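Shared between the two complexes below is chain A, which pairs with chain B and chain C, respectively.
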Partner chain A sequence: MSSTPIDRVAQATPKKVARRIKGLSDRAIAWIFVAPTIFLLLAINIFPLIWTIQLSFTNYRANRLNREVENIGLRNYERILTDSDIWLNMQATAHFLFWTITLQVLIGFTLAWLIHRNFKGNAFWTTVIVLPMMLSPAVVGNFWKFLYQPQIGLFNYIVSFFTGRDPSSFQMLGDVDLAPWSIVIVDTWMWTPFVMLICLAGLRSIPDYIYEAAEIDRASKFRQFWTITVPMVLPFLMLAVLFRGIENFKMFDLVVQLTGGGPGSTTELTSINLKREAFEKWRTGYASAYAIILFVTVFGLASIYVKALNKVKER
Partner chain B sequence: MSAHSITAATSRAKWVAGTLVILYAVITMIPLAWILMTGFKSPSDAISYPPKVVFEPTLEGYVNLFTTRTRQTEEFLAANPPENWADEIVRQYDMVIVGPSKFGERFLNSVIIGFGSTFLSIFLGTLAAYAFSRFRIPLADDLLFFILSTRMMPPIAVAIPIFLMYRELGLSDTHLGMILLYTAVNISLAVWLLKGFIDEIPREYEEAALIDGYTRFQAFYKVVLPQAATGIASTAIFCLIFAWNEYAFAVLLTSATAQTAPPFIPTIIGIGGLDWPAVAAGATIFLLPVMIFTILLRKHLLRGITFGAVRK
Partner chain C sequence: MKTRRLATLGAVLGCTTALATPAAAEELTLCWAAWDPANALVELSKEFEAESGHTMNFEFVPWPNFADRMLNELNSGGKLCDLLIGDSQWIGGGAENGHYVKLNDFFDAEGISMDDFAPATVYAYSTWPKGTPNYYALPAMGDANGWFYRADWFADPEIQAAYKDATGQDLREPQSQKELLQIAQFFQGREIDGKTVYGAAIFTERGSEGITMGVTGALYPWGFKYENTPGSYDMEGAVNSPEAVEALEFYKEFYETATPPGYTNSYMGESLDAFKSGQVAMAMNWFAFFPGLYADPDIGGEKIDFFVNPPQNQAGSTLGGQGISVVSYSDKQDAALEYIKWFAQPSVQAKWWELGGYSAHNSVLNDPGFVDSQPFAGDFLEAMNDVQDFWQEPAYAELLLAMQKRVHDYVVADQGTAKEALDLLIEDWTETFEDEGKL
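== the complex of A and B ==
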């Protein structure tokens, strides 16, 4: 503590003078600076979370104010965990998570690997590629609905141009088999640049001398890729997967605008299902329990993942 | 890297890499270019088959976006000649402009809520980040993690109690309510990013100022803040973009007075379904500022999207 010059000066000064010189004590300033943030988060995040936990044990319905609220214990949780429809939503979410992350990692890493060749104009093209990721998912999702229209939509037209299939013979959003892929395509289009940027940072963090040493040892390019590039980019890649995983587990806006969860409930991800329970069926207590289950799932998975990530980093 | 470095890519490898990347960039731009183009199409061109790449541009979409129109009888149309170019465009459908649409209002709401919440997040975030960066705060790591973990909640899960709370407090569908909510969501990003930026400013500057007789607060205000200006500006843009793009809270908690543009744009209805040119026009106006900001931000982009975890 006393190593900084100012502390030495402070210790050498009489208390009263020190107070006048420094104004408030550092400790007081620290608390004054941090308190508003903590207060805001307590009011708008933690208090609501506690309220949600409390509601999750009741049969409260937010649209019926006069109805008596009963405490029903763990019944909501029981119902959710034994409901086969909810497992279907979980499956839809898992399908979405698995394929978006796989595609984004593959394409994102390849792009980063190519951009890292440092061709002329790579900075410009990187900026162009990055654009979709910063845009409003709801507005973009809404417009993709237009691109996916059979007959008039550009997507179907391009597919038919290359495959020769009739553009009105398939409906990306209306077909039970295609709809889950339609949301994977749009999410991949939007978020591949995110993975790409992080991989690029990883590639750029590898010092040249490692490759030079490998070159002197006559390691093949293939071997260099698997023993130098991949392990050194891995922590970055895992971080990207963590971010995408959490974000896509929460996915709502893009998919709601694209498919609204349909057809049937084939693209009804957990967030969309939760919204239906909470704000359309108004089963507030039930939805609260659902929300808690989702939160615990994300939090638990993320914690385990972060532990794994730290292990990779230590290596 | 020297010109003869054995690790540099050969010119042929560069050429191949460049071609593939540019190809990807062009493909990825198609949907965005299509939004821009559709905004200038007439409704019939927008839904023609095969999709039209070459078309006669018109401002119909933009006129429809900003106005409300009603159909009128032929006598009325004959008696009242069109007043301006916009009126002339809608006359071809036997319609007259009767007033502005809600788009302007919704757009303004986006601006008010976006800037309001950005200002508040940056104000609170800078103070907290400075404290976390410079002072010993008990349990600092736990507090920082707590601040970050508030981002892991699905928005819909947060929206349930917020909806009830705002209903009690009269904050539903108000600008203030949305500003507070977006601030609470953005503050984690602001604190984490700004802490990183302030950590990079050498402590020696402040210590020199303190020895010169500045108070701690003056040192923060006159020395640290100017040094952190770039970091604060880029953090602010990230907060603004988030608030600008946000949809889930907006669609659930706002309706008549404080609704922002993202829930509004998909609901623009024309004759016989969605008015796609008007939707595209709205999307263009709404997305363009973010694209410009993204280009301005490109150096700090990585830092922003990873909460400062990757700094390049």
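== the complex of A and C ==
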């Protein structure tokens, strides 16, 4: 008697259960299994999204339940897109995104390349490098706030040691020109290990025989790097950029702890601004429109990027 | 028929008994900010527990998160708090959005008169619309923004001589805002006991309400007004008046020339830390902290003294403090009202002051011994005579955040001019009032 895994499962099914599902098609059974997930997805993702879109066309405020809600058409969208302060927030976010991703890719890839070589203490150094990303962003924010303190902060003392400048003569978090860089430095410190790990996975996936063939062909190390290493790690690197890009577009906790969006509004990223509109000013309709604009932006950019990533993978 | 009559009689008797006797022992939760006076209130409330049989629980939230946490609680109709000592600016929203129980009938029934409390506190903490006899809170904690300084440094003959040389004046408690700045600038970067010290700790915090509470300490003495005519929301010429521009420029100069390095996002905690660590000669903060500072073994006692926010064109202090309200979503309103009744008693108010709370009850404030009861008591009375508060509108949070942004942009981030900052503030506030249907 043949005994396939399906038969074995069928035999093991208690008779009561077997009787209950008797007569159901495979498709119906599949639906029964998938239905809870679909229900959760609808309840947690799709319904709020549709509701947010609906709210974005109103003047609804969640703290004024007794106020009449009016449909105001595209007014919220118009106000947001013509608000110069919001464009400044967008610029601050773009600056943060561009520099954090650039630095994390460069440093992360370099670290991965170094760690990939076999040397004594390799595992120890990998653990040390990975430590920052294991900390809570709130802890990292507070920790760096002390490091940046002009009078007692280690960061200012190190800069002072190398440049001869008085440590209390500059403020990383309080200076309009330096504050955007201060958050870039902290995010890079915290998340470069993540990029490094992904790059390391990419480096380790390259079979040795490709390098051996290149050696036989007398390709220089430089050429091997540009024609083998970089193209084969590129899909991994692009994935890391996608993850970091989406994460940093939503950046909130770290920056709130460090600067609170200041000085002035210099480091007020869109997510911080959105939170203020939604849960401090309680302009729910306006904040919904703001959230939809951000969602479309991220979704659009991510879709284009994923298409590019797939093309790179196909090569 | 007989049975029905008996049942009706029983129901009537039951209702009567329920109304006549105190509520059954309940567990009440009182919500407030986490700070020194809250600890005093815990101590004070033990008497209420003993008298009433109710149990008191407390939910204290640190100041930077207090508004966020509590307003979210109220807006969601949460039942966490039975009693809430909410900020004065919340009264409009609390009343209009139905978060607070209106207390007029209760006050009438229990013989609690608002005439027994300092008029400024009743106006600020209890009434909505402002100044009308519609009460949503009992004044619980009078407070204003004041100053404290290192009395031992001010009394040092060497420092006094140096100040005289530098300014031609005697070193004393400042009598004007400009003298305050002059003294702070004198101390800025000075070596005292082998340590570099700085002028003063002022409020510059961006996230919640810090810089607004600080800057209004300069705006009010210069004569700042929110509206040309109260209730008209006509802000042009009032909010951006020449006096307001001058006051804002003054605060920026203060920040740039007389505060410790890195003092870009500082509020109550940072002010206390700067003073306690011997970093600054003077600091602004709420009177609520003064009992703790005076009792501090390192910088308290003889080493510290206090002064009211100095006048410039007029006297003016930023109002702090809160009223205590019954939350309308509470299932234990009767027991919560019992607490209010107990708290309003003159004997309890006297003990409240003794323990470190700032009573607003006239029997305490008008007591002949009050002024000498603490070194800051006289300053507190003086400050409460000239207090001004921020908007108390239901949209207060939106109005506050706009001011936080515009003022921080100008003072700390050095963007634009004072006039531009105030013009932009009027634009923001106008938009808010238009959305509210008030303009």
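FYI, the second predicted complex is superposed on the first by the 277 of 315 C-alpha atoms of A that agree within 3 Å, B and C clash if a C-alpha of one lies under 4 Å from a C-alpha of the other, contacts with A are read in each partner's own complex, and residues count from 1 in each chain.
The criterion applied here is as follows: a residue touches a chain if its C-beta (ideal position, glycine included) is under 8 Å from a C-beta of that chain, and two chains touch if they have at least 3 such contacts.
It should be emphasised that the depicted structure is a prediction, and the values quoted were computed from it without experimental measurement.
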Next item on the list: Between chain B and chain C, point out the one touching more chain A residues.
Entry: B
Next item on the list: Check the residue A:279 against both partner chains and state whether it touches chain B (first), chain C (second), both, or neither.
Entry: both
Next item on the list: Considering only the touch criterion stated at the top, classify A:298 as touching first (chain B), second (chain C), both, or neither.
Entry: first
Next item on the list: Scan A:151 for contacts with chain B and chain C and give back first, second, both or neither.
Entry: both
Checklist line | Which of chain B and chain C A:263 touches, first, second, both or neither | finding: second
Next item on the list: Could you look at A:130 and tell me whether it touches chain B, chain C, both or neither (first, second, both, neither)?
Entry: first
Notebook entry, point to check: Taking the superposition as given, does A:213 touch the first partner, chain B, the second, chain C, both, or neither?
Noted result: neither
Note to self: According to the stated criteria, A:197 is in contact with first (chain B), second (chain C), both, or neither; which is it?
What the structure shows: first
Next item on the list: Identify the partner contact of A:174: answer first if only chain B is touched, second if only chain C is, both if each is, neither if none is.
Entry: second
Next item on the list: Based on the superposed arrangement, let me know which partner A:63 touches: chain B (first), chain C (second), both, or neither?
Entry: second
Notebook entry, point to check: chain A residues touched by both chain B and chain C?
Noted result: 62, 151, 256, 279
Notebook entry, point to check: Along chain B, where are the residues that touch chain A in the complex?
Noted result: 1, 5-9, 13-15, 17-18, 20-22, 24-25, 28-32, 34-35, 38, 46-51, 124-125, 127-128, 130-132, 135-137, 143, 146-147, 149-165, 167, 180-181, 183-184, 187, 191, 203, 207, 210-211, 213, 215-218, 220, 241, 244-245, 247-248, 251-252, 261-263, 265-266, 274, 276, 279-280, 282-283, 286-287, 290-291, 293-295, 298, 301-302, 305-306, 309-310, 312
Next item on the list: Over in the complex, which chain A residues touch chain B? Could you list them?
Entry: 1, 4-6, 9, 21-24, 26-27, 29-34, 36-38, 40-41, 43-45, 47-49, 51-52, 55, 62, 107, 111, 114-115, 117-123, 125-140, 142-144, 146-147, 151-154, 157, 167, 189, 193-194, 197-198, 201, 204, 208, 211-212, 215, 236, 239, 243, 246, 249-250, 252-253, 256-257, 270-271, 274-275, 278-279, 284, 287-288, 291-292, 294-295, 298-299, 302
Next item on the list: In the complex, go through chain A and note every residue touching chain C.
Entry: 59, 62-66, 85, 148-151, 168-169, 171, 173-174, 176, 256, 259-266, 276, 279-283
Check: What residues of chain C sit close enough to touch chain A in their complex?
Finding: 68, 71-72, 75, 93, 97-98, 205-207, 260-265, 394, 397-398, 401, 405, 408-410, 412-415, 435
